[in-house]
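When the chains are written out, they are named A, B, C, D, E and F in that same order, and each has its own residue count from 1.
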Amino acid sequence: MQKKIEQVKVLLDALPYIKKYTGEIFVIKYGGSAQIDPVLKDKVAQDILLMYLMGIKPVIVHGGGKKINELLEKLEIESQFINGLRVTSKETMEVVEMALSGNINKEITSLINQHGVKAIGISGKDANFITAKPIDIDKYGLVGDIISVDESVINNLLDEKFIPIIAPIAAAVDAKSHPGFNINADLAASKIAASLNARKIIFMTDTPGVMDKNKNFLSTLIEEEIIALKDEGTIAGGMIPKVDACIEAIDRGVPKAHIIDGRVEHALLLESFTSEGIGTVIKK
Amino acid sequence: MQKKIEQVKVLLDALPYIKKYTGEIFVIKYGGSAQIDPVLKDKVAQDILLMYLMGIKPVIVHGGGKKINELLEKLEIESQFINGLRVTSKETMEVVEMALSGNINKEITSLINQHGVKAIGISGKDANFITAKPIDIDKYGLVGDIISVDESVINNLLDEKFIPIIAPIAAAVDAKSHPGFNINADLAASKIAASLNARKIIFMTDTPGVMDKNKNFLSTLIEEEIIALKDEGTIAGGMIPKVDACIEAIDRGVPKAHIIDGRVEHALLLESFTSEGIGTVIKK
Amino acid sequence: MQKKIEQVKVLLDALPYIKKYTGEIFVIKYGGSAQIDPVLKDKVAQDILLMYLMGIKPVIVHGGGKKINELLEKLEIESQFINGLRVTSKETMEVVEMALSGNINKEITSLINQHGVKAIGISGKDANFITAKPIDIDKYGLVGDIISVDESVINNLLDEKFIPIIAPIAAAVDAKSHPGFNINADLAASKIAASLNARKIIFMTDTPGVMDKNKNFLSTLIEEEIIALKDEGTIAGGMIPKVDACIEAIDRGVPKAHIIDGRVEHALLLESFTSEGIGTVIKK
Amino acid sequence: MQKKIEQVKVLLDALPYIKKYTGEIFVIKYGGSAQIDPVLKDKVAQDILLMYLMGIKPVIVHGGGKKINELLEKLEIESQFINGLRVTSKETMEVVEMALSGNINKEITSLINQHGVKAIGISGKDANFITAKPIDIDKYGLVGDIISVDESVINNLLDEKFIPIIAPIAAAVDAKSHPGFNINADLAASKIAASLNARKIIFMTDTPGVMDKNKNFLSTLIEEEIIALKDEGTIAGGMIPKVDACIEAIDRGVPKAHIIDGRVEHALLLESFTSEGIGTVIKK
Amino acid sequence: MQKKIEQVKVLLDALPYIKKYTGEIFVIKYGGSAQIDPVLKDKVAQDILLMYLMGIKPVIVHGGGKKINELLEKLEIESQFINGLRVTSKETMEVVEMALSGNINKEITSLINQHGVKAIGISGKDANFITAKPIDIDKYGLVGDIISVDESVINNLLDEKFIPIIAPIAAAVDAKSHPGFNINADLAASKIAASLNARKIIFMTDTPGVMDKNKNFLSTLIEEEIIALKDEGTIAGGMIPKVDACIEAIDRGVPKAHIIDGRVEHALLLESFTSEGIGTVIKK
Amino acid sequence: MQKKIEQVKVLLDALPYIKKYTGEIFVIKYGGSAQIDPVLKDKVAQDILLMYLMGIKPVIVHGGGKKINELLEKLEIESQFINGLRVTSKETMEVVEMALSGNINKEITSLINQHGVKAIGISGKDANFITAKPIDIDKYGLVGDIISVDESVINNLLDEKFIPIIAPIAAAVDAKSHPGFNINADLAASKIAASLNARKIIFMTDTPGVMDKNKNFLSTLIEEEIIALKDEGTIAGGMIPKVDACIEAIDRGVPKAHIIDGRVEHALLLESFTSEGIGTVIKK
């Protein structure tokens, strides 16, 4: 009995969050271990379902580097990286798209649909809702820079109670000349969050969040602090694009950007429905 | 951290209930200690709020015998009971109505409003939504037998996101001749639940639920079992009107009627969102 | 036949008023003899019904000093007045609320419901729609000063075709510390009228309206004239709070405030649907 | 003052009618002196306006024999009658239509529009809403028998708050072969009333209503009585098509058909909003 | 087969026009031979139907000088012209209105209704949607100058999927003193187009369009060029009111005004759905 | 000029089809050369766009055998066929899905989006809208038999003005055990058409349609004739599944099923908007 009452208390502790977030859009950049480990995957699906039932409108953006590499390898297509960007030929682009739209995207969609909600998997090519132009066609090929996000498409889907699952591929403005673009998933998530006036953007990573130079975890940061941490080299490597995407989002009006540890079970709920959260929050 | 994960698991355990009950009406007969003890009162308000935020539409029906007695005493009006019914003169009726509509009803309304939702306190006289005729005007005076419940009035309020709090007073069909009727709160709750096609009716009592003759708690019962228990005298006293009200509700289409122990903190949530519940469930 | 044609002409004389007022809100401060005399009560109900059928949205605010006094006396609770305000202890407040919300409010609601419309009786505690703070807790106790009126609650009820009947009780902003407040009904009516952008506020009194110093009836007044009449002492006694409430209403945007003689049968219709009206009109 | 109270009582006497008729359609066959006398015309317009403001949806059908005759005469076109029907050549049809749609219809429309409502003048040719076939093309020419009434067209106009004014002209089903048909206005009104599920059809005539053989006025009649009166020859001449039209309407579901004296000022209101009315009512 | 493919290509050539014009209002001033020649009339009806089915909202304004003259002549009413305006007595006005509203307007309405759409014929008197004042009552009589166009009336009809056919007659603001006004159909069309935010206004004439002084056809003109052509006398006679009406329309916000040759079969479609069009386009 | 008039006549010839099909759903099974030849692809996109603009709601279902074979070959995965069905291992299924959902589906979506409409590419896994069970898991692996089509998902998308492009992949009812199913695109199209109450289903093939035994083209067939032709062996090979899918559709209520020659430019428009069409029509 005591245990049951404990359970109920937990439900009640979530009350203020439910009140605050009902009707709001959360953009979730899904990636890392949480996208690979079968147990974690299932937890993520449960978390998204609970968010949805509590009135939050989740919008999922995913990446998929590993699957792309795997498929390129099998097809014996070599892939070169310049400045961290994958040089994307037409042939590579086709593989990227098959891996993202044809494999990962549908896998996530299925995962969530198993719980009785209606997830729908799309890419920026659907209804041309993300358009891009090449960053440098000669150097990087079909790596794209986002020009526009048509939020009405996502809102149409949300209006019909769908949970959109978005693959980071963009349509070319001039679709005749380019078959589409490979875009950075973190930045895509930020731009989508901004265009939707999302309440939160949450990046699922394989790190506990942002650390200071003494490896102490930082739970809250403002833009200036981020810049200082980058300048002093504390934020480095793979964390740089994450914090840059966070800044992009908050600069364009998203109130809070979260970097959380996707390796922790139910990280999404822990961050959203408990008082301290588990990751780093970045705000204006 | 482990504790937080435990918390999240509790939230997830509630998922199937949230899915099942979202958009459904729960009629709650509020009474007993849960209506008197300040700590319990607060818990009830929290429970109702959580239900509301999870998409349930709670409708509260209350009684108020103690307050009526208290006020009658202060006013030195004597009250006689015949067959468990309070003989209700016009003078007594005025006191009954002041205690119910003017005191208890508004107190519950206030209690719930403190949590940022919009409760609205009414009686069957409002919009004439419950009408009654006298059971036996010469014997009992203004004790009424419900003729009709206009569920559209409650649905109008639910449509506007109000939580209705209902005092058990009915309007007379011929309002000129009678100022109103004192009606049984349990039966009123059952008839309201039936007319609203409620998913559940929950009676909050000061007992753990229904027991068999060996004082073993019975968690599930069907109508025939209830009748047998009444016949053998195991269900007796104050429990009789409760089970009768339960049968009234399920006979008229409410899938489940619950008799729960209002003395247990968060009894409403325990019954609604945990697998075993805490009280007796009665179904067809 | 001639008589019938006369009747029809009367209907036609009402045409311009019907055209002008359809869809508009009239706030009616109901009180005085019209609230006590059984014949007058019935006429008021008829008038409100006709207004309603002609497309006006009536909102009724009532007082109830006499009933409160009566009940306090019966309960042997003494009541002290300072500067015309009833010093209101918690015990007194409970009685005030029972008399207002539990007796008078439901009586008016019933009266109007007998004519086949849907009146609903509420107080400022319902959905917390009127909040107040103490004027001077030490001096007057629970006498409140209105802080806010949430007009959306009344509009929700009007949208569902209800006629709201409002008792002058307010919720405390900090509901934990105070059980509610006794507020002035005239001022409550004015603030409600202003928040609803009412077309008219009508005060039903036991006087023919405002008089000049020679006891000549004044049919139209502007704010400056009211002030002059108060300064010279012509407006005095119980008329002062009425004209103050009128000024409060017109200062906050209500086009016209009426002080009418509720002792005249059908005073509401006479004032609203005949060319000269019967009371004093106050405008900017 | 007494006079004013009398006025208000008249308004209140109309209450039950307003309650009963709000939202209902009244089809009015407008004709006779009420369509010619300038004073009566103005009264009719006022009556229709009042009906409209009280929530009734008036639909006006008019005739226009006099104007047609006048115009035919001026144009020196001879007109022959067989069995009371005007033999209608193409040339005559053009004149009939100009007189009805181009003159009388717009005159009535203007008359009503002067009071601030939106009347719209149409004929059965508009949106092809009345179609007809020739009764006997060789004998009567373009005299039509109504085949269908498309009530959706009138409902479309009522939905947009227009008052439809209808000239009795029908479109040919095969519009290529016939330019349109001259139809009987009384019958057109009946068929329109039936197709719209009108609450009432009112025929404005230049008689006090139906009389028995002793010239006693008959205020209420049922179908069988009408037939008996026709058989005995008491109903004769111009009254025959009126009562036939009444029977057509009530046979097809219109609850009441009225034959009233249009020469009486405000005959429409007298019939609709006073207890005895002024004409003959025919019902099933 | 080749022929069929040719046909399909034609459909596809119309695609960009369909995309551009769907949901837009086109005001068509219908007149000249296209209103008289039976073959042309039929083509116009087909063109309007196709426009309608392709999502354009056509609004037709017509004149009718010939019919008016014919009828005046038959009735032996002499008609005098001053400065190109018909001096309009009350007697003449009645004839004008019968010819326009009772004959031509219904004829066009019928013509279009034969194709299975719902055209509705009205004049400015309907719902008083065009009001006018006399230009010079002593000189011209009932020739009116448009004061206002109530576009909501036309939008109400368009909302109900009607095609409005409008006769150029206006109501008097003071309807008691004047029975209505004869207004210029070209100007009426321009003012209606402007008030409706029409995408196009198209004038159907009996000329190929505007010519320069060497009789070369001019396919596109801007306002300044029109003025120059008028100044040099190249635009003269009946073309002046047309170009003035065009300028009125584009000055008040209509993007394009077209003067087309109504003698060409399907001139409306040719102008609207082929790349070069057939007439003169005037724009800002 | 003559040519332009010819063009306009073509537009007008399409009128009856536009009237008939506006608001109706057409399911198009897209495949064969029309899906491969760049010129034909562009024509198909234009045809679909024109249908859409003319008020038809197109729903596209595609196959993709060639692309699947190509990708399997590159990945050196061998594929075995039993009774014309591809034995589908988990590994093969992944490739099938990448080719269909990740490549072909998005290519078609892009193709159509280039014309300014909003196509959205999904598979039966999205919102779980097509579920299937294995035909014979041991023999064929993940080849599925459709159990249900949730038409509400497609209707949701159509309501938001999307053109759905559907890949023939189904979700497993028990998603945990099977990653999805490879389903026959022709049958999927038929079942989708039936569940949507489509007006037409059109199969694009690389044949002119159905022939009799003398190789004469058959333009119209009923079910019994199809069966006879199958029995005599005239319908054979790849045509069998097409006609079976046609029969499935018409048996379940689709009025007409068309087998057309996708190698003909604009075959879709030719079939839908010209009087004789170009393929074989099958009806009840």
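Definition applied: a residue touches a chain if its C-beta (ideal position, glycine included) is under 8 Å from a C-beta of that chain, and two chains touch if they have at least 3 such contacts.
On a predicted model such as this, the values are computed, not experimentally measured, just so you know.
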Distance in touch steps, counted as few as possible, from subunit C out to subunit D: 1
Equivalent interface positions on subunit D and subunit E, same or different at half: same
Chain pair with more C-beta contacts, A-B versus B-C: B-C
Farthest-lying chain, centroid of Cα atoms versus that of subunit F: C
Rounded Å distance between subunit A and subunit C, as computed from the means of their C-alpha atoms: 57
Separation of subunit A from subunit D, taking each centre as the mean of its C-alpha atoms, in whole Å: 69
Chain centre separation (subunit A, subunit F; CA means) in Å: 34
Where subunit A touches two or more other chains at once, by residue number: none
Circular arrangement of chains, read from subunit E onward through subunit F: E, F, A, B, C, D
Sites on subunit D touched by subunit E in the complex: 71, 74-75, 94, 97-103, 105-107, 109-110, 113-114, 118-123, 125-128, 153, 156-157, 159-162, 169, 171, 175-176, 179-180
Residue ranges of subunit E in contact with subunit F within the complex: 1, 4-15, 18-19, 22, 46-47, 49-50, 53-55, 116, 264-266, 269-270, 273-274, 278
